[in-house]
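The next part holds the structures, each set out as structure tokens.
Paired with chain B in one complex and with chain C in the other, chain A is shared by the two complexes that follow.
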Partner chain A sequence: MLRKSLFWLAIAIILFAFTFPVFWVYVTSLKSPDDIFGTGLIFKPTLYNYEYIINVRPALNELLNSLIVSIASTAVVMAISVPAAYSFARFNTGNGHILFITISTRMFPGVVAAIPFFIAFRDLGLLDTHLGLTLLYVYFNMSFATFLLYGFFKEIPASLEYAAMLDGYSRIDILRKIVFPLIKPGVAITTMFCLIWSWNEFLYAFLFTRRIARTASVGLSTFWGSVEIQWGPMAAFMGIAILPTLLAAWLMQRHIVRGLTFGAVKG
Partner chain B sequence: MATVTLQNVTKRFGRTTALNDLSFQCEEGEFFTLFGPSGAGKTTTLELIAGIKSRYEGRILIGDRDVGKLPLQERNVAMAFENYALYPHMTVAENIAFPLRSPRARGRTAAEVEQRAREAAEQLGIGHLLDRNPVQLSGGQKQRVSLARALVREPDVFLLDEPIAHLDAKLRTSARANLKDIAHRLGTTILYVTHDYREALGLSDRICILREGSVEQLGKPREIYAQPASDFVAHLIGDPVTNLIDGSIAEEGGALSFHGPLLDLPLPDACRARLNGHGPGGAVRLGIRPRDVRAHPGGADDLPRLPVYGVEHTADHALIHLDLGPTILTAEAPFQTRLAVGDPVGVEFSLDKAHFFEKTFELSK
Partner chain C sequence: MAQADTPISQPKSAEKAYKAGWLNHRLNKDSTAKWILIAPLVVFLILFMVYPTVYSLYMSFTDYIMRGAPNMVGLDNYRWLMDDPVFWKALQRTLFVLVACIVIELTLGLAIAMLLNRDFPGQDLVRGLCFVPLLISPLAMSLMWNYMLHIQFGVVNDAITFFGLPAVGFLSTQGLAIWSIIFISVWQWLPFSIFVLLAGLRGLPRDQFEAAQVDGVPAWRVFLRLQLPMLMPLIIIIVLLRTMWLMRLFDPLYGTTRGGLDTELLDWMIYRTSFVEFDIGLGTAYAMFALYLTLIVCLLMYKRLMAAMNRG
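Let's look at the complex of A and B:
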């Protein structure tokens, strides 16, 4: 009995820790400036903050930038990483050296690369452009995505492909009928991680964009001024900015569970 | 149906030689077993025939086609893999029908394909599992599905890579009987790989024993059991393991005798024919099965005596392990035999069943 109540207590604490910030964001976004600093729990909901980020200090452009950069970089990453990971996993391309080099780009803190990238991007005219930020995100996500997918491809026994070849199928057919159906959960998870990472990324977006390509994560920080913090509009903007990630998590839930238990697929 | 011929096949992986000048021919409709310890090159041989591995020296023929240049899809062989290799995202029915739906197997309507897959499943007693997914199957069922998938089309040759090695012992016995029955009904050439001598002896028309990538002995199961070509074969076939005793032969006044550690055995005349060219004076390795060695507790006066090293009771008799200095000698005794470690025991050899070999590997206790 005690054991059970301790278990539920732990669950409750964890649940609170994870959901309270989300709850706080949405509640704050519906409060008027007076209510935000008030002590009462009861308040009159208002859409004032949402109007503010539509009309007074528009946030739509920053959200769009985040969307463009996230989707573009993820698409490029997947187009490169899926075949690369398959090649590493199945044919041991480069005897592990190329795979190692790919992963090694994540072995130093990201900020180390910032200055050389900055200088190169300045000379190339890529600062504050969608293309520039997309390229940066491709660079960072590709190693991670390739490594993750490599693991998923490794889980598919080579004998499955040989069995299909002996059954009379060509390599293309095998990719279509055996490999792709089995790798789908892995691809879904990797795509989601890339999307979320690019959507959340702050440091590089902050350093490499100013006005035109500024993303939502950087935009959010502008509410934190030297004089005051605009809690209300910031919460409203935040509420919108976290929606895509919540949605992605919800949509891919099924795949995540399958993906994390991927080993069970093995014959 | 076709023959499978290997001519002087050598396969290297880097510096290690997996197959060394391997030649054999498997006849049409034969159940041919490749048998040997792990690392002997059994699976490599199958994979070369299937085309999964390539780049070798020598020739491999299926029927009279040299398959060296043919891709896997063109070889018309069916293979059952050690890990079953079932497609996890397809049902049992889809798995079995998969070879029939390949671009190479055109000319069947969808209904015919389904019918054929069902027949193959019925044949193996898995007709009731057709709608299941592979994850929902037990090991024995998976093994049958993988066999059904191999059986569903009519290949020139079946390659079975330890298909029942991962089943538990009881299931393996019935799977063995099952496999024999299927092989008999199919009448197709089957190349079978195993490291279990029971499967090899029980199923095969002929057995090819591999050792480090070459043929150690090739023959019918009875021949191999009765006349092992080397100490290696004798050691490999049979459980409990054949006793091997290093020693020498002497001749005195026309009577032969064997001298080993702690043992001096007069050899009956019947042994002369079995000496295999080993004469007096030379080193020899004597091989004798535990069933041809009897332990007499207490011992008789004229028998050599050895101390007990350990006693093991099997279902119907006792195995007495005796200390023979550098090695152990295993003897059979009636089940009720009570012995303690160290007890002296009289040992009686049926030396007319003994084999005499060249020593080709080191023994250990």
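Let's look at the complex of A and C:
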């Protein structure tokens, strides 16, 4: 009995620690400018902050930019990573060296790659464009997507494919009819991760966009002005910007335990 | 209209069929298929990896300041870097944050994973909620923690003063600010360790543990001798990925101290040098140094990981 209540106490503490800041985003977003610096849960809720980010400082455009860039970059990443991961998993292409180089793109301190890209984009006129940011996010997500998918492809036994080949299936048929149905959950999880990471990305968006292609993350940082931080409208903007990721967390949690192992563990 | 089109389009489709046949044929051969499938990735790698590396390396030998033509200055930037106490301090701090975060995350992560490694009512909901910090925008959460940890109106300090203790300037005190940044990073990434280790624990074969239990081996020895070694590949994965991500810690700094109060980390320093002071030459020199360091560390771990994965 004591063990059981201790267990639930621990669970409660963990859940509280993980979810309280998110809860507080929404609490803060309902506070009027007077209540922001006051404390506690007792205040008169108001939609002032939400009106502010709709009328006074519209945020819709930034959310739209985030959406465009996230979807476009994820589509390109998947088109590149799925075949590549299959090739790595099935044929061990490049004996692991190319796979390591792919993964190592994520080892670049973000700013390292940003400097050459910034100069190149400036000369090509790609600064502050959707295309430019999309390309950066492809670079940003490609390596991890390939690594994740590599794990999923590794789980499919090669003998399945050889059997199909003996039955006279062509490679394209094998990919379409045998491999793809098995890899679907892996593709779904990887897609979700790419979408979320592009959506959340800040550094590149901050360095490479100004007005036209400014994303939600950068928009969020503009509430930190030179004079004061507008906590209320910022929290309202945050509340809207994190909504899709909360939804994704809900959708993903069932598959996630499997997905995050990269196929490293065989049960 | 459609009929008139048919004879014209026929050769085209024949050509297409021929081409598809050619591609099909190539794809059916393993030796060519693997390169065709990997080609787009390789193109992107060359464009987005080889080019920036080579360009940065070149820039690190120049005095480029975003305008005019770059002049070669030889090893001047590297000489400056070697004698720059600010740089070494930032590097030291980065490594400190790296080790602190990984140690805390692995310890807490393993403890929580073992706690969650059982069937209990509402387990899906609990796991789903635990996953939340990992997916939420790091910048948004850093800003939120900045608000919550504020010395005057932060909710955390409300709780502290409620118990009659003095308010703490988590993000406005020298020495404490870096720990606040470590805390924010751990809060965000702890679920990653939890879920990877939980998956590992679930995948462990049961019979060995039952055998050990029957033999009366104490639980802590079972943990040290059986569970921990079996979790090793996953622990290496976590360390590898977290090293890569922590070397480029930027958002929590931007959302809180912005490099002040002794919290300047390597990535922030490169950013400041290159994009605030426009000293591209020195910035790329710092960057190249950071890159080599990360590459060496990660290559060593990657080797161990691949060995561990192929063994399993």
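Note that the second predicted complex is superposed on the first by the 246 of 267 C-alpha atoms of A that agree within 3 Å, B and C clash if a C-alpha of one lies under 4 Å from a C-alpha of the other, contacts with A are read in each partner's own complex, and residues count from 1 in each chain.
Heads up, the rule we're going with is that a contact is a pair of C-beta atoms (placed from the backbone, for glycine too) under 8 Å apart; a residue touches a chain by one contact, two chains touch by 3 or more.
This structure is a prediction, so every number in the text was calculated from the model and none was measured.
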First, second, both or neither for A:160, with chain B first and chain C second: first
Touching partner for A:116 - first (chain B), second (chain C), both, neither: second
Which superposed partner A:138 touches (first chain B, second chain C, both, neither): second
First, second, both or neither for A:28, with chain B first and chain C second: second
Per-residue contact with chain A, leading partner among chain C and chain B: C
Touched partner set for A:57, first chain B, second chain C, both or neither: neither
Chain B versus chain C as contact partner of A:79, first or second or both or neither: second
Partner chain(s) touched by A:170 [first = chain B, second = chain C, both, neither]: both
Shared chain A surface residues [contacts with chain B and with chain C]: 170, 264-267
Chain A-facing residues of chain C, complex: 24, 27-28, 30, 33-35, 37-38, 40-42, 44-45, 48-49, 51-52, 55-56, 59, 66, 112, 115, 120, 124, 126-141, 143-145, 147-148, 152-153, 155, 158, 187, 191-192, 195-196, 198-200, 202-203, 233-234, 237, 244-245, 247-248, 250-251, 254-255, 266-267, 270-271, 274-275, 280, 283-284, 287-288, 290-291, 294-295, 298-299, 302, 306, 309, 312
Chain B-facing residues of chain A, complex: 157, 159-160, 162-170, 173, 178, 181-182, 264-267
For the chain A and chain C complex, residues of the former touching the latter: 7, 10-11, 14-15, 17-19, 21-22, 24-25, 28, 36-40, 79-81, 83-84, 86-88, 90-91, 93-94, 96, 98, 100-120, 135, 138-139, 142, 146, 170-172, 196, 199-200, 202-203, 206-207, 217, 220-221, 224, 229, 231, 234-235, 238, 241-242, 245-246, 248-250, 252-254, 256-258, 260-262, 264-267
Residue ranges of chain B touching chain A (in the complex, touch as defined): 50-52, 71-73, 75, 77-79, 81-89, 98-99, 102-105, 134-135, 142, 149
